[in-house]
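Note sheet for the following structure.
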Amino acid sequence: MFPYLETLVFLPGVIGVVIFFFPSEFPKRYYKGLGVAVSLVELVVAAAMLVQFKTGVGGYQMVSTYHWIPTFGIAWSLGVDGISLFLVVLSAILFPIAIFGSKETKDPKSFIAWMLILETACVGSFLVLDLFDFFLMFELTLIPTYFLMSNWGFSLGGRAAVKFFVYTFLGSAFLLIGILALVFIHDGGTGQVTFSIVALAHTQMSSTAGRLIFLAFSIAFLIKAPVFPFHTWSPDAYSQSPITAAIVLGGVMAKLGTYGIIRFDFQLFPQASRSLGWLILTLAVAGIVYGAVTAAGESHLSRLVAYSSLSHMGFIVLGLFAFTQIGLSGAVLQMFNHGIYTAALFLLLGMIYARRKTLDTSKLAGIQSKAPIMAGIFTVVMLASIGLPGLNGFVGEFMILLGTFITHRWWAVIGVSGVILSAVYMLWAYQKVFHRRDPEQRSFKDLSIREIATLVPLVILIVGIGIFPNVLLSRINPSVHKVLSNSTTQSIVYHSSLGKVAGR
Amino acid sequence: MLSFLPYVVGLPLLGFFVLLFLGRRLGRPAAGIVGSVAVGLAFAGSLFVYSGLVSRPANQRIYVDRLFSWFHSGSLHVNVSLYLDPLSMTMVLFVTGVAFLIHIYSIGYMGHDERFHQFFVYLNLFVFSMLILVVGGSLPLTFLGWEGVGTCSYFLIAFWFERPAAASAGKKAFIVNRIGDAGFLLGSFMVYKYFGSLSYSHIFSQSSGVSHEVATWISLLFFVAAIGKSAQIPLFVWLVDAMEGPTPVSALIHAATMVTAGVFLMARLNPFLALSQTSSMVIAIVGVATALLGATAATSQNDIKKVLAYSTVSQLGFMFLGIGTGAYVAAIFLMVTHAFYKALLFLGAGSVIHGMGDEQNLKKMGALRRFMPITSVTFIVGWLSIAGVPPFSGFWSKGDVLDSAFVKSPILWIFGIVAALLTAYYMGRETYLAFYGPSRWSDPIKPSAHPHESPGVMTYPLIVLAVLALLGGALNLPFGSKIAFLSNWLAPVFASAPSAPQVSSSLEVILGVVDAVVALTGVGLAISLWRSRWDQPALEPKTLQKAYYVDAAYDAAVAVPGTWIARESNQVIDPKVIDGAVKTLTDLVSNTGKLTRRLQNGYVRSYALAVSFGVVVLLGYMLTRASS
Amino acid sequence: MSVPGSWYLILAATLFGVGAFGLLVRRNILIMFMCLELMLNAVNLTLVTYSRMLNDIAGQVSVFFVLVVAAAEVVVGLGLIVSIFRGKRQVTADDLHILRG
Amino acid sequence: MMYLFATVLNGSPIKFPQISYVSILPEIILIGVAATIMLLVALIGRTRATYGYTGLGVAAALISGVWSYHLNQSVTSHGARSVIGGALAVDGFSTFFMILTSLGLIVTLLVAEAYLYKVAARGPEFVALTLLSASGAMLMESAYDLLVLFIGLEILSISLYVMVAFTTSRKLSKESAFKYFILGGFASALFLYGLALTYGATGSTNLAKIALFLSNNTLTSNGVLLAGMVLILAGLGFKVALVPFQFWTPDVYQGAPTTVTGYMSGVVKAAGFAALLRVFFVAFETLRADWQPVLLVVSVLTLLVGAVLAVVQKDVKRTLAYSSINHAGFILLGLYVATAASIGDSLYYLFAYTVMSSGTFAVISMIAHLEDRTEMSLSLTDLKGLSSKYPKVALSLAILLLAQAGAPFTIGFLAKFSVLSAVIQAHHYALGVLAMLSVVIAAVLYLRITLSMYSPVVEKRDVSDEELVQAVSLGAVAVEVEEETQVKVKSKIPLPAGIAVFIALAITIGLALDANPLVHFAAQATLLK
Amino acid sequence: MIATITTPDLVTFIAAALAALVGAIGVVTLRHPIHAALMLVMTFFAIAVLFVEQGAQFLAAVQVIVYAGAIVVLFLFVIMLLGVDKRDAIVPKDTVSWQLPLGLLVAVAILIELSVLTKGVWATGTHSVTSSINGVSNIAVLARAVFSTYLLPFEATSVLLIIAVLGAVVLARIPRASTEEEIALEKESDVKEEVEQK
């Protein structure tokens, strides 16, 4: 079989590295095209993988393993399941769009190279089945992002980049300790050093150890997502990144956190995930409300999106820790959806910025009368983000809240308030920016064909998934079911014996 | 024939897409015609579907059309399915019908607007959403329509978004509605939790299985949704602001159809209400209070549309009174007739505004009957109808509601009667201020304002609606069960309801007479007070003008502190407290660094001292380790 | 019988301490350097004493090497000092404290 | 002749030890080539071009490296041996370090080429001194006797004093040379005193004999021994810059010629650690309970001081000096854990660190050359605009710095990972967390340097740091990116330095992608005895 | 134990020890470098005496030749060369106020700690059998050791001497700023550095 996953993981990164070695005579204007082409190839491969993916199966598919550093028990192991599937597809969709929509003129060579490396890091993080590899890829995302942010970002991009890097790195520090602790506890029990998550899933440990390691893992993921109160890097990072990077940051990289929770927290520490779920749920709910309220007071659009992401990621985390099939499926679906509409929002912000050189709501007004198409598309995206039924944001949100309501009623009740508040800040901002009349009556060009072409795929996805979310859900559900049944089986086995699981 | 239902729903959607992509190219009036035709065909189609439904025996008049699976996970299966029963059929019919008329009217009314085609884009989308709302086969699908109409309402209120007031009003409507939506969502969750499904056919077949408490919770949560959508106390404030939208919008959305969705929802969920006397009572009380509040506020408004807006609030209150007292049919009956006469009144008001060159202040009108004969006549029909003067439709429908209120509790009835009296009065006041008395519009500043009758495209819908308002009572005349068409038609829907309160025919006659007298009294009062006068501050107290300052209270209690909290959260808590904590940590590091680096003072002796010091410490430690 | 080795060793330790103390408190570069030599001599004394106490030649051999090292160090060190302070009237270590922090 | 002389003196002949020249060939080559260079200078005279001498030096380093590798191979197949009367050991450990030293030496010499051009008159001497110094390092690394160790240490140090002082026309250079000399002398004295006390306590200076003595005898009074051990620790700790013996490091690193700084941070530190390891794990193995807590405290302090003080610095070389202190703490961490695996991990770390650090200073030195400044105190702001002027240089530096920070797909990451895994495997969780915290703090310093490289030269009003931070956290500003003042300077990157940096980069990334060789290599080097 | 010590030994030891100590203290305290250097010579001599007292005659000789004869002379040369006449006292207004007390404390602490650690037992090693010093003559034993066990370090010291020569050559040849312009530049850079540092 064609090595889909290997191609997906390595293609962009390798080409990205090669680009660094291109001679300086290579014409600068071709780099962007090259970047788009490579990421489109990636998209095609991802689509082919999507077609190959068997529905109704819960486990990993297309698994391949290569023993990388046998001394440390490290293998290079790839595999895809319903949870990672659409995150990979999401990355494959967003990268060509982001690169195509980029307007960076400075040093396009490095820009494209870093973007492609970032794609490898993102896709790799979703596809690897080995904790070491995951950590490697998880960390690797920081470097291109750091450079993109500091070199092509806004005036304070450098500082935001450092803040972002250090903050997330701090989380990773705990993650690494957690990984090692887990591996060596497993080693102590079985005498086998391995980083394979499949093998480590059945590690026996004391509940205290489980909880501590769970927290070590979680802190990294909560920072990455971000979840209240570990979010303060995100407004700075989102607002100071070049739009292209912000798309990836908000669209794809935030999902690394929630993906990590499902893949690692739930599968490796089912006990602790449940016993400490209330803590994370509370943070999630606090984030939903806090993010929305703070967004309402925000006047910078990118920062507003950052706070809204805080709120939305809160929803996703809520769905995860509801520990219901509905909530978890909804959360996985919502990860994809959030990526789509956040990316679209950032693209639109980029277009506004290109015209007005500001994203301050107090300096923008009356765009709708000058640019109805932009306003229309913005409205659709905004409504998707608010969670309007019929658009993609709704189904996930509904399932999350429903799933949470079943097991954690009061958290869901507070979470529902996010539905109200999201309308408040979004419409408020929309009114300021698009409605009213521009007091200075400046000209404002509507979207060009190119820009529309950038946005249309996303709008189609927004509407399409809003109506036919089953296309995704039918692939997501079996894997989610497996995750949940694994964790419940495990919790039973934990009290009796390990034999059953091993036999399964 | 029933299978034609998806096309009925789909036609406005088709219209929407055609107009969205080709609207600008079609230009005017073609875009308007396309929009109207789409809705017109939908109306025709719904008649066709109706004939299919009515041909079935009464107890089998439920048609479920499962189109495709929307989303599923675990035990949750939500389908996109249409659920047609007499209740939704009624809604489909009057929604498409009234909407068709208003579409036609809009061709004239919006004729000069620069975003003419866009108006129809929104209108068609609205009709589609409204249809989904009424025929949706499961709670999420209803919610889709519910949110869809809300969104269209937002678009249309803010249609003239260059005006800050319009933009704000649109936003306000959406946000206030969202509060209700939260109730809807929570209600749905409760339903799923206790029924394991969200589709109506499943829920209704098992509804008797839940406890009183659960039923109360579910019905109250949905009532929260209804309060938002149908502008009841305490969430009615958005509806008055919504008058910033074009008048056809006010007529269609904020009078005839969307705002009644709450009533529809409660009627749809009657099995739960049937199980919970508590929530029924709550609904009735909220309804009658709203009716009274709306009516009193309407007596003192000077804006021609705001009177109608408060009137709508008040009438919706009547409908909820009906729902709360168990008179579902009466509520639906009132809803339908209200759609006729309120649409008529709004369109009439629109005609006046159109003719007056966008003047809305009643105090600057007067004597318009001479210039706008058709408008004034149809408006008067609307007035008498809403006032409940026999034999206009309002008399019959409102009478039914009040009757059941009387049976339930005379106190409710008394409040209802007072509200009815006021209804007749304030509409009379409006009619007199607009069409009678001296003309006050010859404003030297605006000499161009020259009132004129509206074109045929606007007046014909008025005439049709006037006829409907006059004769709409025929739908459910209280003269024996055979003529009570609506009651029979809707009976299967409300079969689970314990028993609609029955009044003895003699009492019914007495109450009818009382109603008529009250209506006439109101009319007489209006005539006597406003026939020759137009400025009576004593009759227009500030408190009523401001609708008991509820809006201001919201500003003070929610908006101002809300803004403050948001700003504080954004500018103080996030950067100073949370990020501040992070920064404190980083500062701790850098300050430690700054302090420690002072030890590195540059003198080589000091470095040697440090080395020696290290040796001293190490030796000191070894002292503890040395064997004796 | 000769004086016990420990006396010598205590003397050496004291010399070492005095040398170290001198290094810590003096600012004349040359004198600091002399203190270093003093410390090396203290070590030499220690080594010779141990050599006697252990009846082992290794200690004396060590002294031999230390002498060579000290010589080399002095040559280079003084060369360094000369090249640094040539033409300056002052050889105070405290003048050299630009690098710090 | 020798034999005759000896017979005359004393009736019995002197038993000369068997000299295995093969085993000390690397040192011999270095010393021999150094001497040859001096001879050539005397014969040919000086030219401004020093290619020839550098070439000779590199060749010597290369050959001695290759030979060390050969020794390493033979040792792994035939087992370790001690040579020349037990004074030297040839084992996996020493050969590992000798290869590392050769590598560092090659990088240093290649980079020095550009620097030497500026001090042309003394170029050959510099090459010779570097070779001699490296031979001292190799001696330290293979020494099996404290006395040999001391001689090696002095060979290394004394030549280093001269190298640091090579550009004394600058005040900073003078100061750093002086400080290094005085403190180095002090440390030597401490070490020597420690040696003397150890000798007194155990009756020998030979590591094996010390170990044997200690395992055979239980001392009733081990005070002298402990004091000796502590003083030796202080003396060696000085060389590898452990807290509190680290004070010289920032000053000297900053003031020394960058080439020499690179050499110090790489080769010298490696040699110091080699000595430390050898002494403590061979001679004082039995005293583990006594020195382990000391190493714990020292390594924690070293980690923290290195990281925390680095982030408040403004000078690039000074910052890197603190970073090297932080690295030393990490290496020591592995020694503290003191399992076979952890020592291998420490060695791996040391190798990675030496390569990365040498490479980093090589780039810094290259920048000095490109900017046409002989020596400089390179502040962070001086680096601004570097990326637009020399993108390749900037990228190389960025990669090396990030590797030092522990970025994935570099040996820097694997190094940190392996040391940490040893720490965690030994259940020192809190220590692991602490170490990672120091890594996070230290990351700031690397990022700050890259940041200034990639930020444009802005000729605008100075905005204070506080203001900027304020602005970021308020998000109130969406200032446009200032137009850069584009200064395209087309200085040519010197080829030798380019090769040096390339070597460093290739190892940094290449040995991370295929990690097995180095992992095995380091693991085998743990065969200490 | 003291009773068994012969008087000449005791007297010699005490005299030499006193001389060494006085010399050392003199080095540390005397203000003028030349005086300090002379005091250093005294210590060296005293130590040489102590070497002889312990049977290390050869080393005593070397000590006198190398230290007193060569090293101190070198010191004196440098003092003359630099023409240092500025005196530096041990206690003048010190820039680092805590240096002196702390230095004293540390030095004393090291001494105390050492003596406590030893508890009078200084040499715990076993007596050597293989390389005993009770040989024919001190020089012969020493030579035997140097050429057998310590051959390698002995050879290595030659490298040290090369370095010493090389170092001296290099350091002596360091070019001074030759032209006036360069001197000006140097001063300027010095000032700049100082400013930067502050």
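Letters are used for the chains, namely A, B, C, D and E, taken in the order the chains are written, and counting of residues starts over at 1 for each.
Just so it is clear, a contact is a pair of C-beta atoms (placed from the backbone, for glycine too) under 8 Å apart; a residue touches a chain by one contact, two chains touch by 3 or more.
Everything numeric in this text was worked out from a predicted model, so none of it was measured.
Moving step by step between touching chains, how few steps can get you from chain A to chain E?
2
Keeping to the contact definition above, tell me which chains border both chain A and chain C.
Touches both chain A and chain C: B, D.
Given the two chain pairs B-C and C-E, which is bridged by the higher number of C-beta pairs in contact?
C-E
Which one of the chains is farthest from chain C, going by Cα centres?
Taking each chain's C-alpha mean as its centre, the farthest from chain C is B.
So how far apart, in whole Å, are chain C and chain D when each is placed at the average of its C-alpha atoms?
Going by mean C-alpha positions, chain C sits 26 Å from chain D.
Compute the distance, rounded to whole Å, between the mean C-alpha positions of chain A and chain D.
Centre-to-centre distance between chain A and chain D: 42 Å.
Need the CA-centroid distance for the pair chain B / chain D, whole Å please.
77
Measure off the straight-line distance from the CA centroid of chain A to the CA centroid of chain B, and report it in whole Å.
Inter-chain centre distance comes to 37 Å.
Spell out, as numbers or ranges, the residues of chain A touching 2 or more other chains.
Those would be 166, 232, 235, 298.
Of all residues in chain B, which are in touch with two or more distinct other chains?
Correct list: 571, 575, 579, 597, 600-606, 608-609, 612-613, 615, 619, 622, 626, 628.
Out of chain E, which residues touch more than one other chain, so two or more?
Within chain E, residues 95, 99, 102-103, 106-107, 110, 113-114, 116-119, 122-123, 125-128, 135, 144, 149-150, 153, 157, 160, 163-164, 167, 171, 174, 176, 193 contact more than one other chain.
Going by the touch definition at the top, which pairs of chains touch each other?
Applying the touch criterion to every chain pair yields A-B, A-D, B-C, B-D, B-E, C-D, C-E, D-E.
Across the complex, what residues on chain A touch chain D?
Against chain D, the touching part of chain A is residues 20, 68-72, 107, 110, 132, 135-137, 139-140, 142-143, 146-147, 150-151, 154-156, 158-163, 165-166, 169-170, 173-174, 176-177, 180-181, 183-184, 187, 232, 235-236, 239-240, 298-300, 302-303, 353, 357-360.
Flag every residue of chain B that touches chain D in the complex, lowest number first.
It comes out as residues 571, 575, 579, 583, 589-590, 592-594, 596-597, 599-600, 602, 604, 606-608, 610-611, 613-615, 617-619, 621-622, 625-628.
For the complex, give me every residue of chain B touching chain C.
Per the touch definition, chain B meets chain C at residues 597-598, 600-605, 608-609, 612.
Quick one: which bits of chain D touch chain B in the complex? Just the residue numbers, please.
It is residues 178-179, 182-183, 186-187, 190, 219-223, 226-227, 229-231, 233-234, 237-238, 243-245, 247-248, 250-251, 289-290, 293-294, 305, 308-312, 441, 469, 473-474 of chain D that touch chain B.
In the complex of these two chains, what residues of chain B are touching chain A?
Checking each residue of chain B against chain A gives 68-76, 80, 115, 118, 140, 143-144, 147-148, 151, 154, 158, 161-162, 164, 167-168, 170-171, 174-175, 178-179, 181-182, 185-186, 188-190, 192-193, 562-563, 565-571, 573-575, 578-579, 581-582, 586.
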